[in-house]
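Following this line, the structures themselves.
Two complexes come next, and they have one chain in common, subunit A, joined by subunit B in the first and subunit C in the second.
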Partner chain A sequence: MTAVAASDLAETGTGPTINESRMERSERSFARKIVIPAFAVAIIVTQIPFLATIYYSFQNWDLARPEARSFAWFHNYAAVVTNGAFLPALLNTVVIVGSSVIVSLVLGLLLAVLLDRKFPGRAVARTLLITPFLVMPAASALIWKWSLLDANVGMINWAFGLVGIPPVAWNTDFPGMTVVFVLTWQYTPFMMLILLAGLQSQSGEMLEAAQVDGAGPIRIFRTMTLPHLRTYAELAILLGTVLMVQVFDPVNIMTGGAGHSKTLSYLLYERAFIGQQVGEAAAYGVVTVIVTIAVATVALRTLFRVFTEEGGGGR
Partner chain B sequence: MSAEVSSRVRTRPRLTGRRVGGLGITVLTWVVVFLFFFPVLWMIFTSFKTEQAAAQFPPSFITHLSFDRYATVFQRGMGLYLANSAALSILSTVAVMALAIPAAYGLSVRRVGRWQDLLFFFISTKFMPVAASIIPVFLLLRVIGALDNLWALGVLYVGMNLPLAIWMMRSFFAEVPYAVVEAAQIDGASYSRELWRVSLPIVAPGAAAAALICFIFAWNEYFLVNLLTAVVARTTPPFLGSFVDGRGQFLAVLSAASTIAVLPVIIAGWVAQKRLVRGLAMGAVK
Partner chain C sequence: MFGNRRSTRAPGSRPGFRRVGMRQPGRHRAALVAGVGAASLMLTVSGCAGFGNLGNQPGVTTITLASVNNPQMQDLATLLPEFEKAHPDIKVNVIMMEENDLRNATTKDVATRGGQYDVMTVGAYEVPMWGRNGWLTDLTAKAKADPSYDVNDFFKPVQQSVSYDNRIYAAPFYGESSFLMYRKDLFQKAGLTMPAHPTWQQVAQLAAKLKDPSQDRAGICLRGKPGWGEQFAPLTTVVNTFGGQWYNMSWDAQVNKPGFSNAVNFYVNTIKQSGERDPASFGFTECLNLFQQGRAAMWYDATSAAGTLETKGSPVAGKVGYVSAPVVKTKESGWLWTWNLAINSLSKHQQADWEFVKWATSKQYEELVGQRLGWARVPPGTRQSLYANPQYQQASSAFAGLTAQTLRSVDPTHPGVDPQPWTGIQFVGIPEFQDVGNQTSQQIANTFSGGESVADALDKGQRIAQIAGDTQKREAGK
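Our next item is the complex of A and B:
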């Protein structure tokens, strides 16, 4: 899908400028030999199935009636737009991913700032903080749903009770929000790690100079640290978005798509593998890819900028 | 810029007022850390309770603890799923690294033509949603009778982790001083010797971290395994859901199974944490 976008991006880069010598030719041929296997695997596993998806999206194809298969023109795409499931799912995806990204970015920034100073046990604190990102998403979803958010025995309602807030039936009344809880918990460490790397790349001398000049910590943070963090925050937002847009595990495990929790990827799963509508599901797939390309192109551009700033190579 | 927290020294004025404020911030930090870690802590604690105690409300903090739930988990056959998970994660990671190490070398040190285009092609496949390819993959596997097959799943996992591994390895190879490679060349080393005997040992810690990250993603993967397997090739993540039981109490046994499932990856992640950030940021952040 984004192969076109990628080559378009990469054209702005500089290739090797030295004239091709014999040695360089043999170097190139060696390099080709060692890159081709990985390239072939990537094409076979990702690109060819995508082409097949595009083909299927123009077919009338019901898995329950495989003999009645025919060319459908844009029928499936029309169905996607008109059957009323797509737009709500798109909206749900935007709301769930958007709020998870924003909340985890803010919490991640807070944690990164807290960890960017010396205090007893900092290494341990950092280790504990990255753990939510490592926990198997299926396990997080189950533990959050049954152990933390359960209306009767959940720890969240217990904590609410301590401060006098009446219990909330999270799983039945706010399924979309429970997905946001889990995603936020899971991705805050991700945001924190990237922002912490940004904080630690700040020049200590400049900060000291500002301090000597009499700037207070809040002013230094606002006028120096935040602008410096911008690139890192962009990267964190884009990568987080690209990863979360595909969210499936918590939806399938916690809500089954109930309430406002039916995201695009869950909708496609439902159409294809429960509803057995191959053609229509393939059309959902293609549309999902188009939506993702929009986000991914921006992400790739940002990545490319950071990549070229870094110098991009060993020579 | 260094990923290592401790490598930076910042001098701060030592005023008493600041020190007290600093203590406050330290306490606040630890409170936040505790809250974030609490779900994991609670899961581990619950796994040692009896089912009755786990289902008590308000929750019991002082109660009889035992390993009984862990025995139950294995009686229900978790061993098979763990073995499948381990085989799948390890084999797919080995295959990914076998493909990614040479490819990354060919994209950063001994460069193939149009290497930037290729690099961005690889990363763009990571951004492709699984929705783009899952339907034909499912139908193909069904036709050739490869549903519920670990090998088929392994191939898909290789495709899933390849871009990440290539990008990480590229960023490690890019830091190998070119003089080292040139020196080996002057000594008459072949290109492949340069790669495996000269450059790879230098980036070995990075390669280990990349492999660990691929292992983590393979171990945690849920969507593909849930969809493409049933019995024989089922792995741990979809198995966990089978402990949820509408009739009875299951919190303690679910917590025990989850603890076993997450432990290998948490330990692996803690070991690799210093390089984790680079992998997560696709090599764009060191």
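Our next item is the complex of A and C:
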């Protein structure tokens, strides 16, 4: 933007009498001025809701008794700590989202490598593989609940029956895992798409050169393709985590928050709409944001090259 | 209604929405012209009336009805022209909502004294609480003043469910109880008979004999899905008849006391031994599906389920027997749920509101539905006279008699062994119960897999319940 502004200024004939530093300064202040509207909008849409949430978190606000609103000091935050629901939900979220991200990333990589090859019907295969990502979350939870995991007529138990394994009560015995199933199924295409873009940006000449130098396909994949994919995988992990942390539909439809399936977003929903405690739910939200910022800052700075090195390793 | 509680809708589906004119560029301009034409026509029409009063005529009172979107209320909406024909000076504007949305919207409106809705469908859970708070108009005098309305025709428990301190705060529109449904053919094949008034122990024994893993059939289906209106609707009735209760008269929680814990242990063990395979995901809809597909020999649930089981094309139609809710220490153990029409105490046209409420809950309305839409679609469970009507008896013979008998004999003020300080059978009439019931039901769902013991689950439930109990104690002390 500054470059554009500079050339504009040069062309409109601001003579050579103005010295370099003054021109730079006016350039910068002009640049700042044109950023202001966008910046203001960004603040309004992101920070005002957050400030409102902080305000609510200091209120006694019970939806069932809306007439009795009052200032609560740190009562809601005390409730978050003493209820004993926050840490288990945080742990559930980490386990569910973490395993879904890892499994879908691995599956996505396999599918991306397959789709990177030329074969007849590749376009059809790609469309079919993307489909789960396009299905609405509530619909995919229903598909899994009724068609796949049902204890009587579900396809998975039917397949188990063929090899003599007795039917499994998925939602009752493994509530957290059923949520992981749905998330993995839904987000594998997402991971696949990002990694496929990475694979297709790899230079064919370099791979050919490596082949001429005598490297086998496995060695090429390990020493050239995987390092090349690193920034793509980081981006996939980051975006995937952000999207999956919001998981709600499978929890609500399949398990109702039983067992280890109660994630932070479901806990928030419960406090706000079943517990009807708006203040307490807001306090959960604020604490969640603080924890997320802390974790994200450490993780982004240390683990992710895409944020530390200019341009990363993607070229 | 408790039977049809659904907390999630598939988002984004709008069947009426179609993008006309966007597909072909040629149609684009035509659509634009039509749109502009329609807009200018609207402007001309509404020019004198002003935007807020669009369509209002002088001398006509418009009342706003916030309604739950169950089938009976949808029938009411289609019959509204009949009401407006008889009352040309009243116009009814209906806003339909899904149950949870309705509960949130109406609670906010009455509690913040918004006055947005004049008439609301209010469930049996809220009517006594809202009546006590003065949020609803006291209808006692109006209802008793008109002999043709015949207020004593309502089942007494149904009338109690809409009363606080002997004052009526809503008019019952729909009522249901719970009973035990069983497959007559399977019982006959197994050489078993169902007692007319079974005990829960008998039911558990029968369930153990009737379960058949080779046929993929459960002995009984009982709701296990977490939720105060899912798992705890049937489970609280079991707790009541086992001699347990949520709170005693001084609002001390009783969740880990013997009566409650015996009942929960029995419920969980019965499901584990002869119930459905995946109880944590089984609510009303799932049990209905299981029973209708012939994969359960018995089912304890809402009386409203019978209508679906007996419709044409149902695989079990004609094969289902009905007996009253199983008991242990009490004489009767069915639940009671009603949807009622209540008037916002802030509404500015109380008389018009009452005219509408009276019409919708009258004998004439039942007659109207019977003649126009068929007797099977009359909202059941409120008026005794309906069950004496030969046409209605003919349309719903399999279960009508038992429904009426149950609705006559349940006692929402004293459903268990010990007295309780609220009105309601399968719920506690305090705002916090949704939360308490929901959290405790999640703990109980964890015990199905054996991951947690019932005693631990109920200890946690006790702590959760006592917090709400302490709030009640504070409010009672004020």
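FYI, the second predicted complex is superposed on the first by the 242 of 315 C-alpha atoms of A that agree within 3 Å, B and C clash if a C-alpha of one lies under 4 Å from a C-alpha of the other, contacts with A are read in each partner's own complex, and residues count from 1 in each chain.
FYI, contacts are C-beta pairs under 8 Å (C-beta built on N, C-alpha and C of every residue); 3 or more make two chains touch, one makes a residue touch a chain.
This one's a predicted model, so the numbers in the text were calculated from it and none came from an experiment.
Touched residues of subunit A were counted for both subunit B and subunit C, and B has more of them.
Applying the stated contact rule after C-alpha superposition, one finds that A:Gly256 touches subunit C and leaves subunit B untouched. Legend: residue contacts after superposition of the two complexes on their common chain; A:Ala139 is shown touching both subunit B and subunit C. Once the two complexes are laid over each other on the shared chain, residue contacts for A:Ala169 go to subunit C alone; subunit B is not touched. Legend: residue contacts after superposition of the two complexes on their common chain; A:Phe273 is shown touching both subunit B and subunit C. In the superposition on chain A, contact of A:Asn152 is made with both subunit B and subunit C. By the touch criterion defined above, A:Thr288 lies against subunit B but remains apart from subunit C after alignment on the C-alpha atoms of chain A.
When the two complexes are overlaid on their common chain A, residue A:Thr131 makes contact with subunit B while staying clear of subunit C.
Comparing the two interfaces of subunit A, the one with subunit B and the one with subunit C have residues 136, 138-139, 142, 152, 249, 252-253, 273 in common. Across the complex, subunit C is touched by residues 62-67, 136, 138-139, 142, 145, 149-152, 167, 169-173, 175, 249, 252-259, 262, 270, 273-277 of subunit A. Touching subunit A in their complex are the following residues of subunit B: 1-3, 5-6, 8-11, 22, 25-26, 28-30, 32-33, 36-40, 42-43, 46, 55-59, 99-100, 102-103, 105-125, 127-140, 155-156, 158-160, 162-163, 166, 173-178, 181, 191-192, 195, 216, 219-220, 222-223, 226-227, 236-238, 240-241, 243-244, 250-251, 254-255, 258, 261-262, 265-266, 268-270, 273, 276-277, 280-286.
Considering their complex, residues 7-12, 100, 104, 107-108, 111-113, 216, 224-228, 230, 276-281, 290, 295, 431-432, 434-435, 438-439, 441-442, 445-446, 448-449, 451 of subunit C touch subunit A. By the touch criterion given at the top, residues 1-3, 5-7, 9-11, 13, 15-16, 26-28, 30-35, 37-39, 41-42, 44-50, 52-53, 56, 110-111, 114-115, 117-123, 125-140, 142-144, 146-148, 152-153, 155, 158, 161, 185, 188-190, 193-194, 196-198, 200-201, 204, 207-208, 232, 235-236, 239, 242, 245-246, 248-249, 252-253, 264-265, 268-269, 272-273, 278, 281-282, 284-286, 288-289, 292, 296, 299-300, 303-304, 306-307, 310-315 of subunit A touch subunit B in their complex.
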